[in-house]
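Chain naming follows the written order as A, B and C, and within any one chain the residues start at number 1.
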Amino acid sequence: MAKAAKVAGSRAMEFMKPGAFKDNARNALADDNLRSAMAMLNAGMIPNRQGAVDRLPEFNLLSQRGRELKDHVLGHLDYYLERFERNCKAAGGQVHWCSTAEDARQAVLKICRSVDAKSVTKGKSMVAEEIHLNQFLEQHEIEPVETDLGEYIIQLAEEPPSHIIGPAIHKTKDQVSDLFLKHHAKLGRTERQTEPPALVNEAREILRKKYFDADVGITGANYLIAETGSSIIVTNEGNGDLTQTLPKIHIVITSLEKVVPTLEDATTFLRILARSATGQDFSAYTTISTGPRRDGDVDGPEEYHVILLDNGRSAMLGSEVHDMLRCIKCGACINHCPVYQSVGGHTYGTVYVGPMGAVLSPALLGVAETKHLPCASTLCGRCEEVCPVSIPLPKLLRQWRARAFEAGDTPQLERWGLSIWAFFARRPWLYGIGARLAMRGLAWLGRERGRLRKLWFAGGWTDGRDLPAPEGRTFQERWRQQQQQQQRQEQHGGGAV
Amino acid sequence: MANQSSKTINVGLFATCLVDLFRPTVGFAAARLIEDAGGTVHVPEQTCCGQPAYNSGDNRNARAIARSVIESFKNFDYVVVPSGSCGGMIATHYPELFSDDPEWGGQARALAAKTFELTAFMADVMKTTTSRAVYDGTATYHDACAGLRELGVRDQPRELLAAVENLDVVEMAETEACCGFGGTFCVKYGEISTDIVSRKTANVVRTGADLLLAGDLGCLLNIAGRLKREGSSVQVRHVAEVLAGMTDDVPAIGEGGENGESRESGGV
Amino acid sequence: MSRDAILGAIRQSLGRPELSTDAKRGLNEHITKHRANVIPARAKGARADLLQRFQEMVEAVSCTVEHVSDEAAVPGAVAEYLRANNLPTQLTLAPDAWLSGLDWDSQSLLESKSGPAGIDDVVSVTPAFAGVAETGTLVALSGAGHPTTLNFVPDYHVVALKTSQVVGAYEEVWDRLRQANEQGHGFAMPRTVNMITGPSRTADIALTIELGAHGPRSLHIVLIDDEKAPG
């Protein structure tokens, strides 16, 4: 394996700096390619979801049931995981319990080494991204081949995913054309394709042989079924199926909270997943995999391994952010988030982005490292509104903010500002005096046009907007005066005014 | 306090700090509307609902402020707020703040049960459907997030506006999309906030309306500030100003001043 | 090691020890009863309505459907489909006894082989386990007679489906699957259950939907009316 060429996973790691949120945001806002790509979110994914939801009268009922099921499973997670393991093994599968990301990486490596794997095809897996598997495999001279078209594109671009459903959503069509030309020319594709059908076809043809050559295929799992010991993947391209069927070994890498009790319960979730994620009634390929090939099968893997990753989930159970474990990774919250629409996924510097990422990432990476994520939100609540399992995302974001505040992680200037405001707010008399002074001052500053173009301490506002000037006197001031006048008139005039 | 006759409906007006500080006319408009609907308006001494502290994770100060609001407003029949976000703070978050406190929890829930956003109070509680207001023009309405999602305020302002003579209301695209204000967010993440509000102003301008209305002054200051920076002639007012027929009392938000624009028929 | 650590951590977070035998029995019942949850109205209805819905749904996801009145007509229908679309006449047949037992020899222009898919296969013809009217979904099981690769590798996939295999809701498929597998040995899943709704597609490039990403570019259904309802 040519070392220089196979560093995409490592290069992508350079993006993973959640502390750089503000700088990332600034760059994102100036990135015209990104902005035109993001504009398509509003045009496409949002109305698509609404259409799918509108077409299914039972959607809310299903959503409610999904929420109940998740709550039930979380309350009995140990039971369902043990049950899953038992049935998975009964079908000939192997289960690997991994407390940390490193445990999971080592487990994957061991399996790959057992067949002297040189290349590994991969279906899209956010948990695999979470443990930075590609970088690790590259370091161990095993070539990871991303097969999901979006993941393939970002692998060529040496970037991490910017969305959990559409990893390359930040790329314009032209950028994809350039990437393909750059990387496929050496494979004989010297003509720059510009239209999506041709681009898709080129990727299809190039990846075909890779599927057959791979020694190991790695997928994620949208769900695990306790009843049957199965894993489910929900895809559209068919890449996940080629990945898990052709190689000798199929590895499923997933996290603890994915298990559901029965086929029927999984079906409930399947009815709300694609509709929430892409606006489809059902994805093109929903596949339930159980164990390795059976006696008599003429294709299929010889080994089936399920990597069960904890990496912080067991600690989330019973905590303030327990509800986040209900997440079915549909991405609806991400699509509808005004902040995400403005700055895109790379700004977050984490694998999980948007509202769900802002709640999950502090649990996985720590509050201090991810301090901007819960704060960079207007708490508009659109995310909670579209969440198919009713996760109270704004409440959870506030909880992280409270945690940071108690730990003293809130920026000093903000703490002082809040303390000063609270000091006055608890002393109405002082507040009134301060308010009257400040508002007269601001009104005077804005007296020419009724607004200010610049306010020295509020650059965050006035850099992009004018600040309307206050009327001058406060409401309470005028109200009291009006009350006093009325009383005086009643005393002197007597009767109606 | 006024006579406790069986017919008197005592309403505590929680003006909100933004109305109190920036645009008192909205408070007077709210008072007039409540009186027209049959309520007797009281304005106890007040400062803030505590939301800045609450949203920043400073629950201690948020509770302290909340306790004084609960104390000041507990004896009214209703508490009416010309803002979905402050109204939501009292009506949905006060009970959460005191969920572990048996004494204050009960009081918070009691206050929450009788606290309403202004247009919801008029339409749902007092069932006011008529209006004495007249406004020549076309308006579009922005649904403020908290009012919409925490308090279910959406149809009420539109019903009330429909009763205003000569006024046409056109809907903008994405009326339910956030305007980017978000309290401290607009200052802390100002550039992102500016980008979000620009999407909103684009939708506003695309309607061709000459007036933008909403029920939250935070949103209105934000959107008006951006419209003015963009050089737009669209005027911005709180919905109460139109409903109460008080648009001549004060220039539109961000307008007026010695050299500023104002409505032809009125002015300052 | 990690297994105990994780289970222990879960129990600690939930504030309780391992569940009692009684509690486990209750949970086991949920599993063994495997009750259906909400089934949408669109998955129910009179037989004719369901078949109509199945047709509408598969067409809405870009499948093509041809109706034949008898299974004997399947090879001819496949040959005609390939001809009409200018497709090669080499096809890979699933080794399924019923499917391969049809009169393929009658179609002299067709060259067929049997088995799992090879990398250069262009056309595959397979049976299915069921069709689901709710979303126009075909259900295919892995097995000696119906290798999974035939559903994904070739460019053009033809499925021979009987109307008696069409059900309303996915839950009915699970019922059939449990019966089919019971055979006195207890329910056992096959290696793969594929739920296929239209041909392969992606929207990963500029959010434009394109067919034929990695799986088949097109999916053609030859639907055999074996229910022969009167009227």
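By definition in this document, a contact is a pair of C-beta atoms (placed from the backbone, for glycine too) under 8 Å apart; a residue touches a chain by one contact, two chains touch by 3 or more.
Computed from a predicted model, the values in this text were never measured in an experiment.
A simple rule picks the central chain: find each chain's mean C-alpha point, then take the one closest to the mean of all protein C-alpha atoms, which gives A.
Chain centres here are C-alpha means, and the one lying farthest from chain B is C. A separation of 55 Å divides the Cα centre of chain B from that of chain C. Chain A and chain C have Cα centroids lying 31 Å from one another.
Note for the complex: chain A touches chain B at residues 22, 25-26, 29, 42, 338-339, 341-343, 375-382, 384-385, 395, 398, 400-406, 410, 414-415, 418-419, 421-422, 424-426, 428, 431, 435, 438-439, 446-451, 453, 458-461, 463-471, 473-479. Residue ranges on chain C touching chain A, taken from their complex, read 2-3, 5-7, 9-15, 18-19, 23-24, 27, 30-31, 34-38, 40-42, 57, 61, 95, 115-117, 119, 134-135, 137, 142-144, 147-149, 151-153, 170-171, 174, 187-208, 210, 212-216. By the touch criterion given at the top, residues 15, 17, 19-28, 31, 43, 45-48, 50, 52-59, 61, 64-65, 68, 96, 145-146, 149-150, 174, 176-178, 180-197, 199, 221-222, 224-226, 228-229, 250-251, 253-260 of chain B touch chain A in their complex.
Interface residues of chain A, counted against chain C in their complex, comprise 37, 40-41, 43-45, 56-58, 61-62, 65, 69, 75-83, 91, 96-99, 103, 147-150, 153, 166-169, 171-173, 176, 196-197, 199-201, 203-204, 207-209, 211-212, 226-230, 236-239, 241-242, 245-246, 256, 261-265, 267-268, 270-271, 278, 280-294, 296-300, 308, 310, 314-319.
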